[in-house]
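Labels A, B, C and D are assigned to the chains in the order they are written; within every chain, residues are numbered from 1.
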Amino acid sequence: MAQMPLLSLIVFMPLIFAALMALMPGDRGVRPMALVASLLQFGVSLLLFKYYDAATPALQLVEQHSWIPEFGISYFIGVDGISFWLILLTTFLLPVVVLGSWNAIDKKVKAFHVALFALQTAMLGSFVAMDLVLFYVFFELSLVPMYFIVGIWGGARRVYATMKFFIYTMAGSVLMLLAIIYLMFAARDTEGLGYFTANVLELYKLKLPFTADGLMSPQALLFFAFSAAFAIKVPMFPVHTWLPDAHVEAPTPGSVVLAGVMLKMGTYGFVRFVIPMFPEAAEHFGWIFLFLGAVGIVYGALVAMVQPDIKKLVAYSSVSHMGYVMLGIFAMNTYGMTGALYQMLNHGISTGALFLLVGMIYERTHSREIEKYGGLAKVLPIYTIIFFIVTLSSIAVPMTNGFVGEFLILLGSFQASQLMGAIAVTGVIFGAVYMLWMFKRVFFGEKGELVSDEKHPLHDLSAREILVMAPLIVLVFWMGLVPNHFLSYSKSSIDHLMQNKDAYQLGVLTMEDATKRVAATIEMETVTAKATTTEAGVAR
Amino acid sequence: MKPELIFSVLLLAPLVGFLFNGLRWQSKNYMLAGAVATGAAAVSFAMSVVAVSRLFGEGAPTSIEANFYNWAAMDLLSIDVSFVIDRISALMVLVVTGVGTLIHLFSVGYMSHDERPSKYFAYLNLFLFNMLLLILGDNLLMMFVGWEGVGLCSYLLIGFWFSDKEKAAAGMKAFVTNRIGDAGFLLGIFVIFGLFGSLNFAEIISKLGAFSVETGWTGPITLACLFLFIGATGKSAQVPLYVWLPDAMAGPTPVSALIHAATMVTAGVYMIVRLSPLFMLAPNAMAVVATIGAVTALMAAVIGLAQHDIKKVLAYSTVSQLGYMFLACGVGAFGAAMFHLVTHAFFKALMFLGSGSVIHGMHEEQDIRKMGGLKKYMPITHATFFIGWIAIIGIPPFAGFFSKDEILWFAFASERGSHWYWLAGLIGAATTAFYMTRLMALTFWGKSRFDAHKVHPHEAGPSMLIPLVVLAVLSAIGGFMGIPHVIGEILPGHPGNWLEHWLKGSIAAVPMTEAMKHATTMEWILMGISVSIAGLSAVTAFSFYVLDPSRPAKFVSLFPRLHRFVENKLMVDEFYGAQIIQPLVNASRALWAFVDVNIIDKATFVVGDIVRGVGSTARTLQTGNLQQYALYIALGAVAVLFYVLK
Amino acid sequence: MNHALGISSYLIVAPMLALLAASLVPVMLKVFSGNREPHPFVTTTYGFIAVATALGLAITFLGGSKFGFHNALVSDGLSLWASVIVLVSGGFSIFMMHDHVETQTKLFSEKVFLLLGSLIGMLIVVLSNDLIVTFLGIETMSLCLYVLIAMSRETILSKEAAFKYFILGSFASAIFLYGIALIYGTAGTTQFPGLMEQVGPLLESRNHLFLIGIVFVVLGFAFKVSVFPFHFWTPDVYQGAPTPVTAFMATAVKAATFVAILRLFQSTGYQHSLPLKEVISWLAALTMLVGNAAAIMQANFKRMLAYSSVAHSGYLMVGVVAAGFGDSQGVASAAGIVVLFYLLAYSIMTLGSFAFVALLEKSVGQALQVDDVRGLARSHPVLAGCMAIVLFSLAGVPPLLGFFGKFGLFSLAIEQNFYWLAIWGVLNSVISVYYYLRPIVLMYMQGEDSSANAPLIEMNKHIMTRFTLFGSAVLIIIMGMFSSPILAALKAAILGRS
Amino acid sequence: MPMSNLVDVGLSHYLALSAALFAIGMLGVLMRRNVIVMMMSIELMLNAVNLTFVAFSRFRDNMDGQAMVFFVMTVAAAEAAVGLALAVTIFKRFREVNIRYFEHLKG
């Protein structure tokens, strides 16, 4: 047990399942197997709760093997408070997506699930990778399955959308690749040719020269190279235009994964790499991202307001929400950072849920035109209630998860820059405007043409669909009512990051340490239990 | 009983009611639903009585607290889910649960014919729960949670009959307008956190000692107060954000009584009173509060003059009365504000329920021009409404008189008051008396203007009458909790101003100007003026609408344009629509069509076109003529040589 | 250096001798059997055996800097690995020739003979330690190729291609030779070791004749590896030649020539001529751009691949620039490692892609369009998948082989501070994504909408070609994921097992 | 060998001559449309190079140059053979030796 490579298991399990599915004879039986597989990998990922120690900021469950030493690349993975929840979010969303796409995907079912599971591995990998090149590999690799998911199972303009998505993101990341290489050489010992390492922990240690005035100082350039890649992935205004297209064309599960997890890879990159590795540059140029984040919030909200297509509206709302995340990250204080991490999860849950819901209604009416709806509330009460709850979470009403994230982010950004905070706060208003306006037009008022259509009456959510939404709804309230349950797992890491921004370093704990600790705690418990029993005996 | 238990029951009772009714939201069984909901409300009322009783007696604690769990903690920020009942929230919680219970009871009868009574009662309980959070939370965040929660419930209840686009729109308008205020509230919270590193009321106030009174406009405390006040204007329907409240009348009438008269809309006042020590340090902010309050009191009253919907009239009067409360806060008479808050809760709830009973009896008719002479059809309603009427126009010794007069007196005499505030209040009072009398007259007196064959007005059942009676009693005697000294001295037994005494210490207060400290005669004079003016305008109205109903028409025909202007609510909604909302929508369209499509995407496409251009030039060079290729080689060689040898 | 013609010399040339001997067999057979064409499979087998033997001998005897024939030949890591690449691609090309409709004629055995002969030439090039020997090797290689192209069953384009290639090739090699002459005259030697010592002083003293000579030599090489503006023959010839031959040219010729270029740039002396550095960097940059940009505009599949190979020459030139003008110690060897690794990757990918093309060419002289692959994923999921892998690798998507090739090259450029060249390179690889993904789009994402009952595209049943495509796909994945051993071996071979 | 006898004709003259020849050959390739003539021009270029080689080897007292010339001649012969063979094939197919007729491959 002590040697169990838990993280590798979590990361590569989906890939193995993908291979198994690929070997299956036909499409039949794929869905159940996929569901079981996804639940299984979620279950395994829950083991993290057992072996992960929230008390220490150190990197945990670390696995390190040399991979391509000639290029200084190693297989080095680990988890800490920053990636902990993102991993669980990813593994949690997979079963939801599989169950949610039960009817949405009607052709090439097997191929679809293979792509989906391969994508899962890529995404998980990029969250645990602690070797820059390894990270880059997963980061880029995740494009390929998504490229196929959008391109094959997407809508009418899917090819345009998927090419745009692929080229945009790749264009961003190649510069990061060069930056990574530069870092590897910067970190190498001057003696002899070749690379030293892409090990992130080592790269944290190296202090790159930074001259406040100079845009040309290495740290600044690297900072921008990395930021370009991540900003496009996030996507941050003004490089967001690939997102609405991709979302509108993507099939429902594609949208869910894209919004739910893939966008987080960008923001995660900022927190994991940009801030700790280029602290001065981040301090010095952070205002740019504060500003763009704030603008993105308002811009996304305003543009979302006037969308005629529900899905596109949700897509632009993503731009707005990710603007919050960027704002929180570059507020550069504990509140903002915590809020940002929290908002990543919120966005994954609420926007994912929104896309699922949009997909459910699309399956019924084959239209996403807001104008054609109206009066749905009378026809689909359960659907309406669930949609409303998700809407509340999306516009950050208190007691839902959205509020916690937004509150902390706004608090942090306001402490960082009153102006930006003030601009961002208006997003609270516009958010309510576009969501509620859409809600009113779709669910209230007289019945629209699609709703009153006698030929195909609409049926309320099936048991399966309710089952899909249930866990999301539960999370919405759980995360909203007791945020501490979730924050406590990332607290130490965030504090550690914020307290030593300028000299950030991470300790390392392996699986063995974790197992030892677990054993110890169990022992303790048993001991105390014994003690209490004996006391009880004495008392008696 | 441990405080934790008290608070749990107090808060959870309505929540349980909500869950119970919410889970069977399709049931039509209004009796069961109503019983459960009313029971829940009653339970929390009982609990609050128990809790408040703890505060009485010798050596009683000034407050009881209960801390449940830690919501979030990082760096300086540590927010507990914890509640407190002190002398301020005690008043509030009693009013909310008490009046709330009555209104629940009223609703049982009122909603008996509705098709979704369970849903209605679920929402009502949910509202109660959120309102209690707002009141009892011991830190700004908990307050904000309730603050937005009640907003949400009001959204749900206004749009309760959502199939009607108008009603749904009204709900959305209410929520969005409130959100504008909430944004301000948030900013206020942030500034305060930046200042004190805490959001807990007690801590904030305890740290205030380190700060001195701010003179300028941009001081942090002034800023905080102004931001918070923006929140208050949203929630409590003050200029310029009051526009949602009249539309909110789209909801069921009991809702208007509970949310849009008695409880939720007073949250702004409550918040300012809670933070009164903070506001004391920002005189400019207080001046703004007072001015806005005065303006609102006047403006709403004027609009109320020319409304024809019974509920709209009451709505505008609510806005105007809230204006009085803010005026009081602004001049530093926080006690008076609380006082008026309580009395207003009584008589305005009473009048709304009364109007509900009227509408109920008139088969959903709301236009007072189609009423009249209802006195003989529904005597009890009339009687109770009558008490409400004299209470609001400030005829002693009814509740309104005491509270309003205290406000006017402070507006005149307080260090931060001014004659102008007083004058505004006075005119407002006169106007109020006029349009309230008009309402009485058009509704109950004179001869009936409805078609007696179609409409058969009838008195409502006991579940609706009991609340009316109780509230009538309260409106009649409610004022005695704050008898002014001048009156107290002449009364037998010299009753003191109990409310003032009760609140002393837990709220701040601005001292009187030296001149006014002992100017009892002055106080008498002002009292006399206001009462007589109010009475006068009431009489005028009576003469207008009862003695000679043709006179109003003649009167307005003198200046028709002005009348139309007032009738159309001073065109404020139209102004907002044309000047703010529409431009915003157009701007967004432009952003989408222009920035996204024409700038950002275009830019990327341009890159692609450049590459294509290079490609096609490369192809045109590729003529297939072998000698040209050779020529390219030669030229290339020459070029390279030239470059290398230069 | 030993002047006796030791056994080592013969061991070095053993692979060539093997090839020579084996190449004669099929032709002889034909002659003695009354000019009756032996069964192509037999011939293929012979050819394959020949290549395999040569490969074995090469791996056994080459490597670890040995000199032979009075230092006319050198056998070191470069030559070892270059020979491996060259021979492997030669072997696969023979497979494809056996299958392909344009090459499977009565004259098949002659074709194999010519291909083996061309291989010999290439081995000479990679082993040569002397410019004049390099010249001879290049000529041997090219002359065989001219004829090989012309012998296609297709009658118009192939002849034209062969002739163009011939005229331009001779033209270029004349210039190349003139360069050699000038170098000989100024440096007094044409042997690389001596030459490398002279480069520094000669360039420092701005000896124009020498400079011209270097430029001419580089130009001759540039022509062979189709660097802008000497690349114009490439698309025409690649299109006109039979696909298997194209594959052979695109891989083996390039590999051999680049090794020769590396040998020419094994000196730090070039630092003394800044203009030379600049002009070569410019050529590299322009080559990438022109190759990629023109490839985007192509409808013809082979021309598209041709332009993409031009672009790849551009990437490789980055390595050359770093080798010649980098300042750090032993940069030349580092460049050797990454360039060879890239060549390896590039050859595998290119073989795969041309095998794919060959599988779709059913008739003589059929010009395969990119659009012809529409909906292929439905009829041939496996082959389509393989091609997708190849294309992704060409586009440089990790963790495939192509990515690590680029990684090596660009990291070398960065190490040697050729930042803008590296940036330009990655940006170009983004451009290339556009046309590499187009066939994938057509294969996977279109063709459904052209109605499900549309006739499926049929591919040839050619076993060997399919094997080539499949093999390249598998190699791309495996060698990508586990490139460490290969890199280690390269490193050991080139740094002399130290 | 004493330089005095060679003052009249120096290395530079040879180089100039060979350069001129080379240039002429180049121009021939670039300008003449006739396949055969083009090949002759290439031969001319090669021979110009030979001249350079010889001249250099003569003036550097280094016999390698001479040896190279032989290599070059051989190569030239081989090239001529292949070239003529190709020319014949082409002529058989197109009945034409003007290269302007072979422009099917382009773009």
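We take it that contacts are C-beta pairs under 8 Å (C-beta built on N, C-alpha and C of every residue); 3 or more make two chains touch, one makes a residue touch a chain.
Bear in mind the structure is a predicted one, so any value in this text is a computation, not a measurement.
Of all chains displayed, A has the C-alpha centre closest to the centre of the whole protein C-alpha set.
Centroid to centroid, with C-alpha atoms defining each point, subunit A and subunit B lie 39 Å apart. Spacing of subunit C relative to subunit D, judged by their CA centroids, is 27 angstrom. Taking each chain's centre as the mean of its C-alpha atoms, subunit B lies 99 Å from subunit D.
Note: centroid distance subunit B to subunit C, computed from Cα atoms, is 79 Å. For subunit C, the set of residues touching two or more other chains reads 163-164, 167, 171, 175, 235-236, 434.
Across the assembly, subunit D contributes 26, 29, 99, 102-107 as residues in contact with two or more other chains. Across the assembly, subunit A contributes no residue in contact with two or more other chains. Taken together, the chains touch in the following pairs: A-B, A-C, B-C, B-D, C-D. If you check the complex, the residues on subunit A that touch subunit B are 168, 238-241, 244, 299, 302-303, 305-307, 333-335, 338, 375, 377-378, 381, 392, 397-399, 403-404, 407-408, 410-411, 414-415, 421-422, 425-426, 428-429, 432-433, 436-437, 440, 443-446, 482-484, 487, 491, 494-495, 498. Across the complex, subunit C is touched by residues 15, 22, 25-26, 29, 35, 38-39, 42, 45-46, 48-49, 52-53, 55-57, 60, 62, 64-65, 68, 71-72, 75, 78-79, 82-83, 85-87, 89-90, 93-94, 99, 102-107 of subunit D. Across the interface of their complex, subunit C is touched by residues 608, 611-612, 614-616, 618-619, 621-622, 624, 626, 628-630, 632-633, 635-637, 640-641, 643-646 of subunit B. Note for the complex: subunit C touches subunit D at residues 132, 135-136, 139, 143, 146-147, 150, 155-157, 159-164, 166-167, 170-171, 174-175, 177-178, 180-182, 184-185, 188-190, 209, 235-237, 239-240, 303.
Residues 26, 29-31, 33, 99-100, 102-107 of subunit D are the ones that touch subunit B when the two sit in their complex.
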